[in-house]
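Dropping the structure in here first, questions after.
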């Protein structure tokens, strides 16, 4: 064969970039999702066998697709440099693990479920949403840490005081934290409160202060951070395209710089001019 | 008759634009809504017959109103070019379908209910609200798709693991998705969780991670998008009217352009001037 | 007596503006609120009589306070020109209505409760909050109207289809609207849904679409409007004080105008200058 | 000993600023939190004794750490000038109070719980979050006051009318306020409403108006204030670093000032120039 390696790579690249191929991949992912969903229904054994064949076909398709993309990338390091490729590789690789025993079969089905996530890596708009979400994580992390500290303190206080009243809700600090999460979602929280108020009539202070701090203040901070991240991304986009208020401000800044230089040149001209005049 | 077609059209246009006519239409829509509402009460047969007459009258009124607007528009294509006209036409047309049998009577009443929606197409402020809402839909669509994927994955995992514990809640993937929607609205979600925790003590991770991702993060994204759309509409409005910060920035941009051109002219004057000087 | 009317008015004005007098008024309002609250407890008859005396005293105090403010204003029309004065007048006037009979006593107590609202008219920060709230009302009104139309349509559909299943929840359109409000607050909404799903298995579409439109989209619009009103008030404040981004933009706009005029003068100087040159 | 006091202070400062020392402090705080949490589980007496020893060690460590920081600060007044130092001092001091009796032991455990809060004073990001929260408090305070007034009025009305229907929920004003807080969190509020509607069929107006004012309008104001505070902090940060839209506006403002001065100089040059010309 006279085909060089570069020729082959270009061919794979052409396949990879083909719109039809992409539509094909999306179709197979959706099919794979439907098979996963259909399996949760009671289905006759014959259809189940068909599904197993389909499953094998889907697995092979994903395998060949990822191999094509690897070959198209030229080298493994070039392929793995992109985060989303690693993401796809892990998902496809995980569903290849042979799980035959009944014990592990559950895990095998679980790993196949995550193949639906490949939709996220394929559709650009979802990728943007997810990366906006990931950008907000560091700032949300500190808010979450602060929330965790508040939960921990309230849970410790709760299990110290209410542990004897209802062990099912306040037995130890981890059960108390789960109970507090329930209170934070307003789920039958008054039942929890009325129970402890029979022993400690003032325990409403505990619940109300907790709800006020966590459900009102904290949640607002979360909303604030997500909004801030969204607005910043938009301002950035506006600045680049020159649209909107942020775009106009950027335009003004750029043009002002030009005007400033022009003024500098004009002043030096005027000064030199004025200096050479006899009347000066 | 010596009336030309254009005269007739102008007359219909005059009727259509008449404030009194508009008030009349709003009155009939509200009346139609009241009849729909009144019919849901237990009413004597005599009043019911009156209502049927009223209903016929309302239907005829709507029919003639839409015909007037069609004639006023001049041509059918001009009439249907406006989205809201098509909207009105479908609503009025649907309530014309003759449904006499008891089976279809329900459908007939249903179609009449949607006549209330004509209020939206008549009141400009509601039209603006609805179009703001429609503008947000494409961006909300992708967030919804991402949410659907997350729901689907969680539902598949849920029906695989919890299907045997409570089939009523986790039997198959569609029932599991409904259960997860219930969890997302915090509606008795702890009952669902405590049940599965008796078999899988660690299943709280499943619920807490789901609530965190869907109810907190996802909802915030929705709020963020709606806010962003509202703010953008306002900035746009400000820029056009020259009010507010966005309006002032736009004013600055416009005037800066004029100043730049003036500076250019001045510099060329200065340069020519300086070039003709003997001392140069 | 040699005191002129203007002297008297100035004296009343001095009393009215006195910080101590204002503190006194706030103290009496809080006292009045405490008396209202205390009366809801089981109290012995002797204390009750004391409360009645206190109540009389408070009523007299409020009466004299409002008379002082009226006299300080100079004329009745000047007094009533301020909205908050009318607000106070109605509240104080209402609690003067003699209600002795047992039937009306309840109403009398009710009218006294509203005296607490006078705190809002006295504390400037609360007044600002309330007027920000009132400013948002027109725009919220249209969102509410749109929401009402959606509620009405869903309630009509609900009572047509589900009226026979549970008359207590869907009997007629007004009861159905109350049930839908309950669904919108996520209060045991799954119980309502599971009941109708036994007859119409697809009725989850009805509930999910309603929750999506009302609880998610609509609420976000409300948040968006309140935020927008708050931000606009701040930008306005910034522009006036010259602080923040909006303030800087305003400063830039003002100075740019000066620069533009100066450039115009300079260009005309240059042009005249250039016109008189022989080499030209 | 020939060590001067300043030498000693510098040594303590060096210890205090040491990264390893800081990590050590964080480790001990987390350890202390874990001990607090572990104590809420059923643990054998031998482990409990170990915990008591650990507790003593932690207390001594915190004591010496705060003494080192005091000595590093040079003087007590310099130490206490920083709010966070006072915060730490109170937390460490409180856990030193000897509580041996069974009655007070509960209080002793409680005071130790608050040692977890020292994490907030140690991690800068959490400190920033907390101070952003504290900045929002004054403005939130007035919203809370307004909300309290609304709660108080509704509670008074509720206990006057519904006190006889269900004393457990409406007996007096404080119980009624707790019930209203429950309604505001949508927790089984329809049960409360349906009960009073049997006596007062129109009482749904009471609940719906309350929910509309408090849960919708008020909560939005809270969200608005938190968002506003967050945005302002960011604009401030942008202005200082010169990034983002606010940063660019600030840059424009600064440069415009320079351009204005240059223009002034140029005009005066031009004018002088023009004045000396013979043709003028």
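Residue numbering begins at 1 within each chain, and the chains themselves are lettered A, B, C and D in the order written.
Here is the rule we use: a contact is a pair of C-beta atoms (placed from the backbone, for glycine too) under 8 Å apart; a residue touches a chain by one contact, two chains touch by 3 or more.
None of these values were measured; they are calculated from a predicted model.
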**Most remote chain, CA-based centroid, reference being subunit A** = C
**Asked** What angle, rounded to the nearest 5°, describes the rotation that places the Cα atoms of subunit A on subunit B?
**Response** 90
**Request:** Check the residue numbers that subunit C and subunit D use where they touch, and answer same if over half are used by both copies, otherwise different.
**Result:** different
**subunit A and subunit D, separation of their C-alpha mean positions in angstrom** = 28
**Item:** Whole-Å gap separating subunit A and subunit C, where each centre is the average of the chain's CA atoms
**Value:** 39
**Message:** Show the residues in subunit A shared as contacts by 2 or more other chains, in ascending order.
**Reply:** 186, 188, 223, 227, 245, 249, 252, 256, 259, 263, 266, 270, 273
**Pairs of chains, among all present, that meet the touch criterion** = A-B, A-D, B-C, C-D
**Residues of subunit A that touch subunit B when the two form their complex** = 33, 36-37, 40-42, 106, 109-110, 113-114, 116-117, 119-120, 123, 125-126, 129-130, 133, 178, 181-182, 185-188, 219, 222-223, 226-227, 230-231, 234, 244-245, 248-249, 251-252, 255-256, 258-259, 262-263, 265-266, 269-270, 272-273, 276
**Prompt:** Which residues, counting only subunit C, touch subunit B once they are in their complex?
**Reply:** 142-143, 145-146, 149, 152-153, 155-157, 159-161, 163, 171-174, 176, 186, 188-190, 204, 208, 211, 215-217, 220-221, 223-225, 227-228, 232, 235, 239, 245-246, 249-250, 252-253, 256-257, 259-260, 263-264, 266-267, 270-271, 273-274, 277, 279-280
